[in-house]
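Just below sit the structures, each encoded as C-alpha coordinates.
You will see two complexes here that share chain A, one where it goes with chain B and one where it goes with chain C.
Coming up: the complex of A and B.
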(Lines of atoms letter the chains of each structure in order from A and count residues from 1; the text may use other names and numbers.)
(Lines give C-alpha, C1' and ligand atoms only; values in the text may rest on other atoms or scores of the structure.)
Protein backbone atom coordinates (compact mmCIF):
# COMPACT_ATOMS: atom_id res chain seq x y z
CA UNK A 1 0.00 0.00 0.00
CA UNK A 2 2.42 2.62 -1.18
CA UNK A 3 -0.35 4.97 -2.25
CA UNK A 4 -1.19 5.60 1.42
CA UNK A 5 2.39 6.64 2.06
CA UNK A 6 2.41 8.99 -0.91
CA UNK A 7 -0.93 10.59 0.00
CA UNK A 8 0.21 11.03 3.58
CA UNK A 9 3.45 12.59 2.41
CA UNK A 10 1.52 14.95 0.16
CA UNK A 11 -0.80 16.02 2.96
CA UNK A 12 2.04 16.62 5.41
CA UNK A 13 4.01 18.57 2.80
CA UNK A 14 0.94 20.68 2.03
CA UNK A 15 0.47 21.59 5.68
CA UNK A 16 4.16 22.45 6.01
CA UNK A 17 3.97 24.57 2.85
CA UNK A 18 1.00 26.47 4.26
CA UNK A 19 2.85 27.07 7.51
CA UNK A 20 6.01 28.32 5.82
CA UNK A 21 4.19 30.44 3.24
CA UNK A 22 3.09 32.88 5.95
CA UNK A 23 6.70 33.81 6.66
CA UNK A 24 8.68 33.12 3.52
CA UNK A 25 6.93 32.39 0.20
CA UNK A 26 10.24 31.39 -1.41
CA UNK A 27 10.72 28.48 0.96
CA UNK A 28 7.15 27.38 0.43
CA UNK A 29 7.74 27.22 -3.31
CA UNK A 30 10.95 25.22 -2.89
CA UNK A 31 9.22 22.85 -0.49
CA UNK A 32 6.42 22.21 -2.95
CA UNK A 33 8.97 21.63 -5.71
CA UNK A 34 10.91 19.21 -3.56
CA UNK A 35 7.80 17.22 -2.71
CA UNK A 36 6.82 17.02 -6.35
CA UNK A 37 10.29 15.86 -7.31
CA UNK A 38 10.28 13.24 -4.57
CA UNK A 39 6.97 11.71 -5.62
CA UNK A 40 7.96 11.83 -9.28
CA UNK A 41 11.27 10.11 -8.57
CA UNK A 42 9.44 7.47 -6.56
CA UNK A 43 7.06 6.67 -9.40
CA UNK A 44 9.66 6.82 -12.16
CA UNK A 45 11.50 3.90 -10.57
CA UNK A 46 8.38 1.75 -10.94
CA UNK A 47 7.90 2.64 -14.59
CA UNK A 48 11.28 1.12 -15.40
CA UNK A 49 9.92 -2.42 -15.17
CA UNK A 50 6.95 -1.57 -17.40
CA UNK A 51 9.32 -0.15 -20.00
CA UNK A 52 11.35 -3.35 -19.82
CA UNK A 53 8.28 -5.49 -20.54
CA UNK A 54 7.30 -3.18 -23.38
CA UNK A 55 10.75 -3.50 -24.90
CA UNK A 56 10.59 -7.28 -24.67
CA UNK A 57 7.19 -7.33 -26.38
CA UNK A 58 8.43 -5.11 -29.17
CA UNK A 59 11.48 -7.33 -29.58
CA UNK A 60 9.32 -10.43 -29.91
CA UNK A 61 6.90 -8.94 -32.39
CA UNK A 62 9.69 -7.72 -34.63
CA UNK A 63 8.97 -3.99 -34.55
CA UNK A 64 12.05 -2.00 -35.52
CA UNK A 65 13.57 -0.66 -32.32
CA UNK A 66 13.79 2.88 -33.70
CA UNK A 67 10.00 3.21 -33.40
CA UNK A 68 9.89 2.12 -29.78
CA UNK A 69 12.84 4.40 -29.03
CA UNK A 70 11.04 7.36 -30.55
CA UNK A 71 7.86 6.64 -28.62
CA UNK A 72 9.77 6.34 -25.36
CA UNK A 73 11.63 9.58 -26.05
CA UNK A 74 8.31 11.31 -26.68
CA UNK A 75 6.94 10.00 -23.38
CA UNK A 76 10.05 11.26 -21.60
CA UNK A 77 9.73 14.72 -23.15
CA UNK A 78 6.07 14.84 -22.19
CA UNK A 79 6.85 13.92 -18.57
CA UNK A 80 9.59 16.52 -18.20
CA UNK A 81 7.62 19.28 -19.90
CA UNK A 82 4.50 18.60 -17.86
CA UNK A 83 6.45 18.54 -14.62
CA UNK A 84 8.33 21.74 -15.34
CA UNK A 85 5.28 23.65 -16.48
CA UNK A 86 3.30 22.61 -13.40
CA UNK A 87 6.04 23.78 -11.06
CA UNK A 88 6.36 27.09 -12.85
CA UNK A 89 2.58 27.48 -12.80
CA UNK A 90 2.62 26.87 -9.05
CA UNK A 91 4.97 29.81 -8.71
CA UNK A 92 2.44 31.97 -10.52
CA UNK A 93 4.23 32.44 -13.84
CA UNK A 94 1.44 31.37 -16.16
CA UNK A 95 3.07 32.70 -19.33
CA UNK A 96 6.39 30.89 -18.82
CA UNK A 97 4.50 27.68 -18.07
CA UNK A 98 2.58 27.87 -21.32
CA UNK A 99 5.83 28.52 -23.19
CA UNK A 100 7.35 25.38 -21.67
CA UNK A 101 4.33 23.37 -22.77
CA UNK A 102 4.60 24.88 -26.23
CA UNK A 103 8.28 23.91 -26.47
CA UNK A 104 7.42 20.37 -25.38
CA UNK A 105 4.78 20.07 -28.08
CA UNK A 106 7.15 21.35 -30.75
CA UNK A 107 9.92 18.95 -29.71
CA UNK A 108 7.47 16.01 -29.72
CA UNK A 109 6.34 17.01 -33.20
CA UNK A 110 9.94 17.12 -34.41
CA UNK A 111 10.52 13.63 -32.98
CA UNK A 112 7.41 12.29 -34.67
CA UNK A 113 8.23 13.59 -38.16
CA UNK A 114 10.26 10.50 -39.27
CA UNK A 115 7.42 8.18 -38.26
CA UNK A 116 4.88 10.31 -40.09
CA UNK A 117 6.99 10.30 -43.22
CA UNK A 118 7.30 6.51 -43.04
CA UNK A 119 3.52 6.23 -42.78
CA UNK A 120 3.00 8.51 -45.76
CA UNK A 121 5.49 6.51 -47.83
CA UNK A 122 3.78 3.24 -46.88
CA UNK A 123 0.39 4.60 -47.90
CA UNK A 124 1.82 5.85 -51.19
CA UNK A 125 3.32 2.43 -51.83
CA UNK A 126 -0.06 0.81 -51.27
CA UNK A 127 -1.70 3.01 -53.88
CA UNK A 128 -1.76 1.28 -57.30
CA UNK A 129 -1.73 4.58 -59.20
CA UNK A 130 1.57 5.72 -57.82
CA UNK A 131 3.64 2.83 -59.17
CA UNK B 1 16.96 6.31 -3.44
CA UNK B 2 19.52 8.18 -1.38
CA UNK B 3 17.30 11.09 -0.35
CA UNK B 4 14.55 10.21 2.08
CA UNK B 5 11.42 11.87 3.37
CA UNK B 6 13.17 13.68 6.21
CA UNK B 7 14.60 16.13 3.65
CA UNK B 8 11.10 17.61 3.33
CA UNK B 9 10.98 18.25 7.06
CA UNK B 10 14.49 19.65 6.88
CA UNK B 11 13.43 22.18 4.27
CA UNK B 12 10.37 23.22 6.26
CA UNK B 13 12.49 23.51 9.40
CA UNK B 14 15.08 25.62 7.65
CA UNK B 15 12.32 27.88 6.38
CA UNK B 16 10.72 28.38 9.80
CA UNK B 17 14.03 28.88 11.61
CA UNK B 18 15.23 31.33 8.98
CA UNK B 19 12.03 33.33 9.35
CA UNK B 20 12.52 33.35 13.12
CA UNK B 21 16.14 34.53 12.92
CA UNK B 22 15.10 37.12 10.38
CA UNK B 23 12.48 38.50 12.76
CA UNK B 24 14.86 38.53 15.72
CA UNK B 25 17.62 40.29 13.80
CA UNK B 26 15.14 42.81 12.50
CA UNK B 27 14.00 43.57 16.04
CA UNK B 28 17.63 44.13 16.98
CA UNK B 29 17.92 46.62 14.18
CA UNK B 30 20.37 44.64 12.01
CA UNK B 31 18.51 44.71 8.72
CA UNK B 32 21.48 43.77 6.54
CA UNK B 33 22.35 40.72 8.66
CA UNK B 34 18.73 39.58 8.45
CA UNK B 35 18.86 39.78 4.66
CA UNK B 36 22.05 37.71 4.59
CA UNK B 37 20.52 35.02 6.81
CA UNK B 38 17.54 34.74 4.49
CA UNK B 39 19.78 34.55 1.44
CA UNK B 40 21.99 31.82 2.89
CA UNK B 41 19.03 29.71 3.99
CA UNK B 42 17.55 30.08 0.56
CA UNK B 43 20.78 28.97 -1.12
CA UNK B 44 21.04 25.88 1.09
CA UNK B 45 17.48 24.80 0.28
CA UNK B 46 17.97 25.61 -3.39
CA UNK B 47 21.02 23.37 -3.42
CA UNK B 48 19.00 20.44 -2.07
CA UNK B 49 16.23 20.96 -4.59
CA UNK B 50 18.65 21.27 -7.50
CA UNK B 51 20.40 18.06 -6.52
CA UNK B 52 17.11 16.17 -6.47
CA UNK B 53 16.17 17.73 -9.80
CA UNK B 54 19.44 16.50 -11.27
CA UNK B 55 18.69 13.00 -9.96
CA UNK B 56 15.27 13.05 -11.57
CA UNK B 57 16.58 14.21 -14.94
CA UNK B 58 19.31 11.58 -14.97
CA UNK B 59 16.71 8.91 -14.17
CA UNK B 60 14.40 10.06 -16.94
CA UNK B 61 17.31 10.16 -19.37
CA UNK B 62 18.38 6.61 -18.59
CA UNK B 63 14.87 5.20 -18.67
CA UNK B 64 13.24 6.96 -21.59
CA UNK B 65 16.01 8.28 -23.78
CA UNK B 66 18.44 5.34 -23.68
CA UNK B 67 21.57 7.35 -23.08
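Coming up: the complex of A and C.
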Protein backbone atom coordinates (compact mmCIF):
# COMPACT_ATOMS: atom_id res chain seq x y z
CA UNK A 1 0.00 0.00 0.00
CA UNK A 2 2.95 2.28 0.35
CA UNK A 3 3.22 2.77 -3.34
CA UNK A 4 -0.27 4.25 -3.33
CA UNK A 5 0.74 6.71 -0.65
CA UNK A 6 3.83 7.70 -2.50
CA UNK A 7 2.07 8.10 -5.83
CA UNK A 8 -0.71 10.07 -4.13
CA UNK A 9 1.82 12.35 -2.51
CA UNK A 10 3.52 12.81 -5.85
CA UNK A 11 0.28 13.66 -7.62
CA UNK A 12 -0.79 16.15 -4.97
CA UNK A 13 2.62 17.76 -5.04
CA UNK A 14 2.49 17.97 -8.82
CA UNK A 15 -0.87 19.68 -8.84
CA UNK A 16 0.19 22.09 -6.15
CA UNK A 17 3.37 22.82 -8.01
CA UNK A 18 1.48 23.57 -11.19
CA UNK A 19 -0.88 25.88 -9.34
CA UNK A 20 1.81 27.73 -7.47
CA UNK A 21 4.19 28.00 -10.40
CA UNK A 22 2.14 30.77 -12.01
CA UNK A 23 2.46 33.02 -9.01
CA UNK A 24 5.66 31.97 -7.29
CA UNK A 25 8.05 29.80 -9.24
CA UNK A 26 10.36 29.74 -6.24
CA UNK A 27 7.82 28.03 -4.03
CA UNK A 28 6.99 25.59 -6.79
CA UNK A 29 10.62 24.58 -6.91
CA UNK A 30 10.83 24.23 -3.13
CA UNK A 31 7.69 22.13 -3.07
CA UNK A 32 9.05 19.81 -5.71
CA UNK A 33 12.37 19.54 -3.92
CA UNK A 34 10.87 18.69 -0.57
CA UNK A 35 8.51 16.16 -2.09
CA UNK A 36 11.45 14.50 -3.74
CA UNK A 37 13.42 14.53 -0.50
CA UNK A 38 10.53 13.06 1.42
CA UNK A 39 10.03 10.20 -1.01
CA UNK A 40 13.76 9.55 -1.10
CA UNK A 41 14.07 9.37 2.66
CA UNK A 42 10.90 7.34 2.92
CA UNK A 43 12.13 4.67 0.57
CA UNK A 44 15.79 4.70 1.57
CA UNK A 45 14.86 2.86 4.75
CA UNK A 46 13.29 0.06 2.76
CA UNK A 47 16.47 -0.60 0.86
CA UNK A 48 17.94 -1.97 4.05
CA UNK A 49 16.20 -5.28 3.31
CA UNK A 50 17.83 -5.54 -0.07
CA UNK A 51 21.20 -4.76 1.43
CA UNK A 52 20.65 -7.38 4.09
CA UNK A 53 19.93 -9.99 1.43
CA UNK A 54 23.05 -8.99 -0.45
CA UNK A 55 25.15 -9.25 2.69
CA UNK A 56 23.78 -12.67 3.44
CA UNK A 57 24.56 -13.77 -0.08
CA UNK A 58 28.09 -12.50 0.18
CA UNK A 59 28.55 -14.13 3.55
CA UNK A 60 27.39 -17.53 2.46
CA UNK A 61 29.31 -17.63 -0.77
CA UNK A 62 32.48 -16.41 0.90
CA UNK A 63 33.33 -13.56 -1.43
CA UNK A 64 35.51 -10.94 0.20
CA UNK A 65 33.56 -8.30 2.05
CA UNK A 66 35.53 -5.65 0.17
CA UNK A 67 33.59 -6.45 -2.98
CA UNK A 68 30.26 -5.94 -1.31
CA UNK A 69 31.42 -2.73 0.33
CA UNK A 70 32.62 -1.38 -3.00
CA UNK A 71 29.39 -2.32 -4.73
CA UNK A 72 27.24 -0.74 -2.05
CA UNK A 73 29.29 2.41 -2.14
CA UNK A 74 28.84 2.55 -5.90
CA UNK A 75 25.08 2.24 -5.59
CA UNK A 76 24.99 4.92 -2.93
CA UNK A 77 27.08 7.31 -4.99
CA UNK A 78 24.93 6.70 -8.04
CA UNK A 79 21.72 7.34 -6.16
CA UNK A 80 22.87 10.44 -4.35
CA UNK A 81 24.40 11.97 -7.45
CA UNK A 82 21.28 11.22 -9.44
CA UNK A 83 19.04 12.70 -6.78
CA UNK A 84 21.06 15.87 -6.44
CA UNK A 85 21.37 16.37 -10.15
CA UNK A 86 17.64 15.97 -10.63
CA UNK A 87 16.89 18.59 -8.01
CA UNK A 88 19.31 20.97 -9.63
CA UNK A 89 17.87 20.18 -13.04
CA UNK A 90 14.40 21.00 -11.73
CA UNK A 91 15.68 24.41 -10.83
CA UNK A 92 16.78 24.84 -14.41
CA UNK A 93 20.51 24.59 -13.91
CA UNK A 94 21.27 21.96 -16.47
CA UNK A 95 25.00 22.58 -16.47
CA UNK A 96 25.40 22.20 -12.71
CA UNK A 97 23.35 19.02 -12.86
CA UNK A 98 25.67 17.54 -15.45
CA UNK A 99 28.64 18.50 -13.29
CA UNK A 100 27.14 16.63 -10.36
CA UNK A 101 26.68 13.58 -12.54
CA UNK A 102 30.24 13.92 -13.72
CA UNK A 103 31.45 13.97 -10.13
CA UNK A 104 29.42 10.86 -9.43
CA UNK A 105 30.98 9.04 -12.36
CA UNK A 106 34.46 10.03 -11.29
CA UNK A 107 33.85 8.83 -7.74
CA UNK A 108 32.54 5.52 -9.04
CA UNK A 109 35.68 5.08 -11.08
CA UNK A 110 37.81 5.91 -8.05
CA UNK A 111 36.20 2.94 -6.33
CA UNK A 112 37.79 0.73 -8.94
CA UNK A 113 41.34 1.88 -8.35
CA UNK A 114 42.35 -0.66 -5.66
CA UNK A 115 40.89 -3.52 -7.69
CA UNK A 116 42.64 -2.35 -10.82
CA UNK A 117 45.93 -2.09 -9.00
CA UNK A 118 45.66 -5.65 -7.68
CA UNK A 119 44.87 -6.96 -11.15
CA UNK A 120 47.72 -5.03 -12.71
CA UNK A 121 50.12 -6.32 -10.11
CA UNK A 122 48.99 -9.88 -10.81
CA UNK A 123 49.43 -9.48 -14.52
CA UNK A 124 52.85 -7.99 -14.00
CA UNK A 125 53.70 -10.89 -11.71
CA UNK A 126 52.75 -13.29 -14.48
CA UNK A 127 55.28 -11.79 -16.82
CA UNK A 128 58.90 -12.82 -16.31
CA UNK A 129 60.06 -9.23 -16.71
CA UNK A 130 57.91 -7.96 -13.93
CA UNK A 131 59.02 -10.45 -11.33
CA UNK B 1 40.13 -30.42 -4.78
CA UNK B 2 36.46 -30.67 -5.62
CA UNK B 3 35.60 -28.69 -2.54
CA UNK B 4 37.91 -25.89 -3.58
CA UNK B 5 36.36 -25.88 -7.05
CA UNK B 6 32.90 -25.68 -5.54
CA UNK B 7 33.84 -22.70 -3.40
CA UNK B 8 35.36 -20.95 -6.36
CA UNK B 9 32.27 -21.48 -8.52
CA UNK B 10 30.07 -20.35 -5.67
CA UNK B 11 32.06 -17.13 -5.40
CA UNK B 12 31.80 -16.47 -9.10
CA UNK B 13 28.09 -17.02 -9.09
CA UNK B 14 27.61 -14.79 -6.09
CA UNK B 15 29.62 -12.01 -7.62
CA UNK B 16 27.79 -12.22 -10.90
CA UNK B 17 24.51 -12.09 -9.02
CA UNK B 18 25.73 -9.08 -7.15
CA UNK B 19 26.66 -7.39 -10.38
CA UNK B 20 23.20 -8.12 -11.73
CA UNK B 21 21.67 -6.63 -8.63
CA UNK B 22 23.53 -3.38 -8.89
CA UNK B 23 22.71 -3.14 -12.54
CA UNK B 24 19.09 -3.40 -11.47
CA UNK B 25 19.39 -0.93 -8.64
CA UNK B 26 21.04 1.78 -10.69
CA UNK B 27 18.99 4.94 -10.93
CA UNK B 28 19.75 5.86 -14.50
CA UNK B 29 21.46 4.80 -17.66
CA UNK B 30 24.22 7.35 -17.65
CA UNK B 31 26.00 5.73 -14.72
CA UNK B 32 25.61 2.27 -16.14
CA UNK B 33 28.81 2.14 -18.14
CA UNK B 34 30.91 3.14 -15.19
CA UNK B 35 29.23 0.76 -12.80
CA UNK B 36 29.60 -2.04 -15.29
CA UNK B 37 33.29 -1.39 -15.51
CA UNK B 38 33.72 -1.75 -11.77
CA UNK B 39 31.43 -4.77 -11.58
CA UNK B 40 33.32 -6.38 -14.44
CA UNK B 41 36.59 -5.79 -12.63
CA UNK B 42 35.24 -7.45 -9.52
CA UNK B 43 34.03 -10.44 -11.53
CA UNK B 44 37.41 -10.63 -13.24
CA UNK B 45 39.19 -10.55 -9.91
CA UNK B 46 37.01 -13.31 -8.58
CA UNK B 47 37.66 -15.48 -11.60
CA UNK B 48 41.39 -14.82 -11.29
CA UNK B 49 41.44 -15.68 -7.60
CA UNK B 50 43.13 -19.09 -7.98
CA UNK B 51 45.87 -17.68 -10.18
CA UNK B 52 46.48 -14.79 -7.86
CA UNK B 53 46.56 -17.10 -4.89
CA UNK B 54 49.17 -19.28 -6.55
CA UNK B 55 51.28 -16.29 -7.49
CA UNK B 56 50.98 -14.01 -4.50
CA UNK B 57 49.59 -16.03 -1.64
CA UNK B 58 46.67 -14.52 0.18
CA UNK B 59 45.78 -11.37 -1.69
CA UNK B 60 42.56 -10.47 0.06
CA UNK B 61 44.40 -9.05 3.04
CA UNK B 62 46.48 -6.99 0.65
CA UNK B 63 43.36 -5.81 -1.14
CA UNK B 64 41.79 -4.97 2.19
CA UNK B 65 44.76 -2.93 3.30
CA UNK B 66 44.98 -1.22 -0.05
CA UNK B 67 41.34 -0.25 0.00
CA UNK B 68 41.57 0.97 3.57
CA UNK B 69 44.64 2.96 2.70
CA UNK B 70 42.97 4.39 -0.37
CA UNK B 71 39.77 5.47 1.29
CA UNK B 72 40.96 6.42 4.72
CA UNK B 73 43.92 8.51 3.76
CA UNK B 74 43.34 12.20 3.73
CA UNK B 75 42.88 12.89 0.04
CA UNK B 76 44.55 16.27 0.15
CA UNK B 77 47.63 14.84 1.82
CA UNK B 78 47.62 11.66 -0.17
CA UNK B 79 47.62 13.32 -3.54
CA UNK B 80 49.78 16.23 -2.40
CA UNK B 81 47.29 18.66 -3.76
CA UNK B 82 48.15 21.90 -2.01
CA UNK B 83 45.22 23.86 -0.75
CA UNK B 84 45.01 27.59 -1.14
CA UNK B 85 46.02 27.98 2.48
CA UNK B 86 49.12 25.87 1.94
CA UNK B 87 50.07 27.95 -1.06
CA UNK B 88 49.61 31.15 0.86
CA UNK B 89 51.66 29.86 3.77
CA UNK B 90 54.42 28.83 1.38
CA UNK B 91 54.30 32.24 -0.23
CA UNK B 92 54.62 33.92 3.14
CA UNK B 93 57.57 31.76 4.09
CA UNK B 94 59.28 32.38 0.77
CA UNK B 95 58.66 36.09 1.02
CA UNK B 96 60.09 36.17 4.51
CA UNK B 97 63.14 34.23 3.42
CA UNK B 98 63.65 36.51 0.45
CA UNK B 99 63.36 39.60 2.62
CA UNK B 100 65.78 38.11 5.13
CA UNK B 101 68.36 37.33 2.48
CA UNK B 102 67.91 40.73 0.87
CA UNK B 103 68.42 42.50 4.16
CA UNK B 104 71.41 40.28 4.95
CA UNK B 105 72.94 41.25 1.65
CA UNK B 106 72.23 44.90 2.28
CA UNK B 107 73.68 44.64 5.78
CA UNK B 108 76.81 43.05 4.41
CA UNK B 109 77.29 45.71 1.80
CA UNK B 110 76.65 48.53 4.21
CA UNK B 111 79.06 46.95 6.68
CA UNK B 112 81.77 46.77 4.06
CA UNK B 113 81.16 50.33 2.98
CA UNK B 114 81.14 51.55 6.57
CA UNK B 115 84.37 49.76 7.35
CA UNK B 116 86.03 51.39 4.38
CA UNK B 117 84.48 54.76 5.17
CA UNK B 118 85.57 54.75 8.79
CA UNK B 119 89.04 53.76 7.88
CA UNK B 120 89.27 56.39 5.21
CA UNK B 121 87.80 59.22 7.28
CA UNK B 122 89.32 58.59 10.69
CA UNK B 123 92.18 56.30 9.97
CA UNK B 124 90.87 53.89 12.55
CA UNK B 125 90.67 50.34 11.58
CA UNK B 126 87.32 48.75 12.19
CA UNK B 127 87.62 45.08 12.95
CA UNK B 128 83.94 44.49 12.60
CA UNK B 129 80.91 46.53 11.75
CA UNK B 130 77.59 45.02 12.50
CA UNK B 131 74.53 46.55 10.98
CA UNK B 132 71.06 45.48 11.98
CA UNK B 133 68.26 46.44 9.67
CA UNK B 134 64.60 46.32 10.35
CA UNK B 135 61.72 46.49 7.92
CA UNK B 136 59.92 49.76 8.24
CA UNK B 137 56.68 48.34 6.97
CA UNK B 138 55.04 47.15 3.83
CA UNK B 139 56.41 48.71 0.69
CA UNK B 140 58.85 50.89 2.56
CA UNK B 141 62.58 50.41 2.46
CA UNK B 142 64.20 48.82 5.46
CA UNK B 143 65.91 51.10 7.90
CA UNK B 144 69.04 50.73 9.93
CA UNK B 145 68.09 49.72 13.42
CA UNK B 146 71.50 49.69 15.03
CA UNK B 147 75.12 49.85 14.12
CA UNK B 148 77.85 48.38 16.24
CA UNK B 149 81.37 49.26 15.29
CA UNK B 150 84.17 47.26 16.82
CA UNK B 151 87.43 49.03 16.40
CA UNK B 152 90.61 47.16 16.14
CA UNK B 153 92.94 48.01 18.97
CA UNK B 154 95.31 50.78 18.21
CA UNK B 155 98.67 50.38 19.89
CA UNK B 156 100.53 53.57 20.42
CA UNK B 157 104.15 52.70 20.94
CA UNK B 158 104.80 54.94 23.91
CA UNK B 159 101.80 54.39 26.12
CA UNK B 160 100.37 51.50 27.98
CA UNK B 161 97.68 49.62 26.16
CA UNK B 162 95.04 50.39 28.71
CA UNK B 163 95.42 54.11 28.42
CA UNK B 164 95.47 54.01 24.73
CA UNK B 165 91.79 54.87 24.41
CA UNK B 166 92.07 57.95 26.53
CA UNK B 167 95.33 58.90 24.96
CA UNK B 168 93.89 58.73 21.54
CA UNK B 169 90.82 60.54 22.77
CA UNK B 170 92.83 63.30 24.30
CA UNK B 171 94.83 63.49 21.13
CA UNK B 172 91.66 64.78 19.62
CA UNK B 173 92.68 64.56 16.02
CA UNK B 174 90.33 62.54 13.92
CA UNK B 175 93.00 61.93 11.41
CA UNK B 176 95.71 61.34 13.95
CA UNK B 177 98.05 58.77 12.67
CA UNK B 178 97.16 55.52 14.28
CA UNK B 179 99.36 52.61 13.86
CA UNK B 180 98.33 49.73 11.79
CA UNK B 181 97.24 47.06 14.13
CA UNK B 182 97.44 43.42 13.62
CA UNK B 183 94.07 42.14 14.54
CA UNK B 184 95.10 38.81 15.81
CA UNK B 185 92.12 38.35 18.02
CA UNK B 186 90.01 35.74 16.48
CA UNK B 187 87.08 36.11 18.76
CA UNK B 188 84.99 38.78 17.19
CA UNK B 189 81.65 37.36 17.95
CA UNK B 190 80.55 39.04 21.15
CA UNK B 191 77.27 40.60 20.17
CA UNK B 192 76.43 44.06 21.30
CA UNK B 193 73.17 42.77 22.66
CA UNK B 194 74.93 40.45 25.04
CA UNK B 195 74.75 41.36 28.67
CA UNK B 196 77.31 44.10 29.07
CA UNK B 197 80.36 44.07 26.96
CA UNK B 198 82.71 45.25 29.67
CA UNK B 199 81.66 42.84 32.38
CA UNK B 200 84.07 40.13 33.35
CA UNK B 201 86.85 39.38 30.94
CA UNK B 202 84.99 40.15 27.77
CA UNK B 203 87.10 41.23 24.92
CA UNK B 204 85.36 44.38 23.81
CA UNK B 205 84.71 47.50 25.73
CA UNK B 206 82.72 50.52 24.76
CA UNK B 207 84.64 53.48 23.56
CA UNK B 208 83.59 56.97 24.42
CA UNK B 209 85.07 60.31 23.66
CA UNK B 210 86.42 61.64 20.46
CA UNK B 211 86.97 58.39 18.68
CA UNK B 212 83.38 57.40 19.17
CA UNK B 213 82.26 60.87 18.15
CA UNK B 214 84.40 60.70 15.06
CA UNK B 215 83.01 57.33 14.07
CA UNK B 216 79.49 58.48 14.73
CA UNK B 217 79.95 61.59 12.67
CA UNK B 218 81.36 59.56 9.81
CA UNK B 219 78.38 57.29 9.91
CA UNK B 220 75.98 60.19 10.17
CA UNK B 221 77.44 62.02 7.22
CA UNK B 222 77.93 59.00 5.06
CA UNK B 223 74.84 56.98 5.79
CA UNK B 224 72.72 59.38 7.85
CA UNK B 225 72.61 57.01 10.76
CA UNK B 226 71.21 58.42 13.94
CA UNK B 227 74.19 58.62 16.31
CA UNK B 228 72.06 57.26 19.11
CA UNK B 229 71.86 53.99 17.24
CA UNK B 230 75.60 53.67 16.89
CA UNK B 231 77.61 51.73 19.39
CA UNK B 232 81.36 51.96 19.24
CA UNK B 233 83.37 49.17 20.81
CA UNK B 234 87.01 48.43 20.99
CA UNK B 235 88.79 45.17 21.05
CA UNK B 236 90.75 44.61 24.21
CA UNK B 237 93.34 41.87 24.28
CA UNK B 238 93.05 39.29 26.98
CA UNK B 239 96.11 40.40 28.79
CA UNK B 240 94.99 44.01 29.01
CA UNK B 241 91.59 43.15 30.29
CA UNK B 242 93.03 40.80 32.86
CA UNK B 243 95.16 43.49 34.31
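To be clear about the criterion, the second predicted complex is superposed on the first by the 116 of 131 C-alpha atoms of A that agree within 3 Å, B and C clash if a C-alpha of one lies under 4 Å from a C-alpha of the other, contacts with A are read in each partner's own complex, and residues count from 1 in each chain.
Please note the rule applied: a contact is a pair of C-beta atoms (placed from the backbone, for glycine too) under 8 Å apart; a residue touches a chain by one contact, two chains touch by 3 or more.
Given the structure is predicted, the values throughout are model-derived calculations rather than measurements.
> Scan A:82 for contacts with chain B and chain C and give back first, second, both or neither.
After superposing on A, A:82 lies in contact with chain C but is clear of chain B.
> Have a look at where A:62 lands relative to chain B and chain C in the superposition and call it first, second, both or neither.
second
> Going by the contact rule set out at the top, does A:119 touch chain B (first), chain C (second), both, or neither?
second
> Go through chain A and flag every residue that touches chain B in one model and chain C in the other.
69, 75, 79
> Write out the stretch or stretches of chain A touching chain B in their complex.
It is residues 9, 12-13, 16-17, 19-20, 23-24, 26-28, 30-31, 33-35, 37-38, 40-42, 44-45, 47-48, 51, 69, 72-73, 75-76, 79-80 of chain A that touch chain B.
> Across the complex, what residues on chain A touch chain C?
50, 54, 57-58, 60-64, 66-71, 74-75, 78-79, 81-83, 101, 104-105, 108-109, 111-119, 121-122, 125-126
> Please give the residue numbers of chain C that touch chain A in the complex, ascending.
Answer in residue numbers: 7, 10-11, 13-15, 17-19, 21-22, 25-28, 30-31, 34-35, 37-39, 41-42, 44-46, 48, 51-52, 55-56, 59-60, 62-64, 66-67, 70.
> If we count contacts the way the header does, which residues on chain B are in touch with chain A in the complex?
1, 3, 5, 7-9, 11-12, 14-16, 18-19, 22, 38, 41-42, 45-46, 48-49, 52-53, 55-57, 59-61, 63-66
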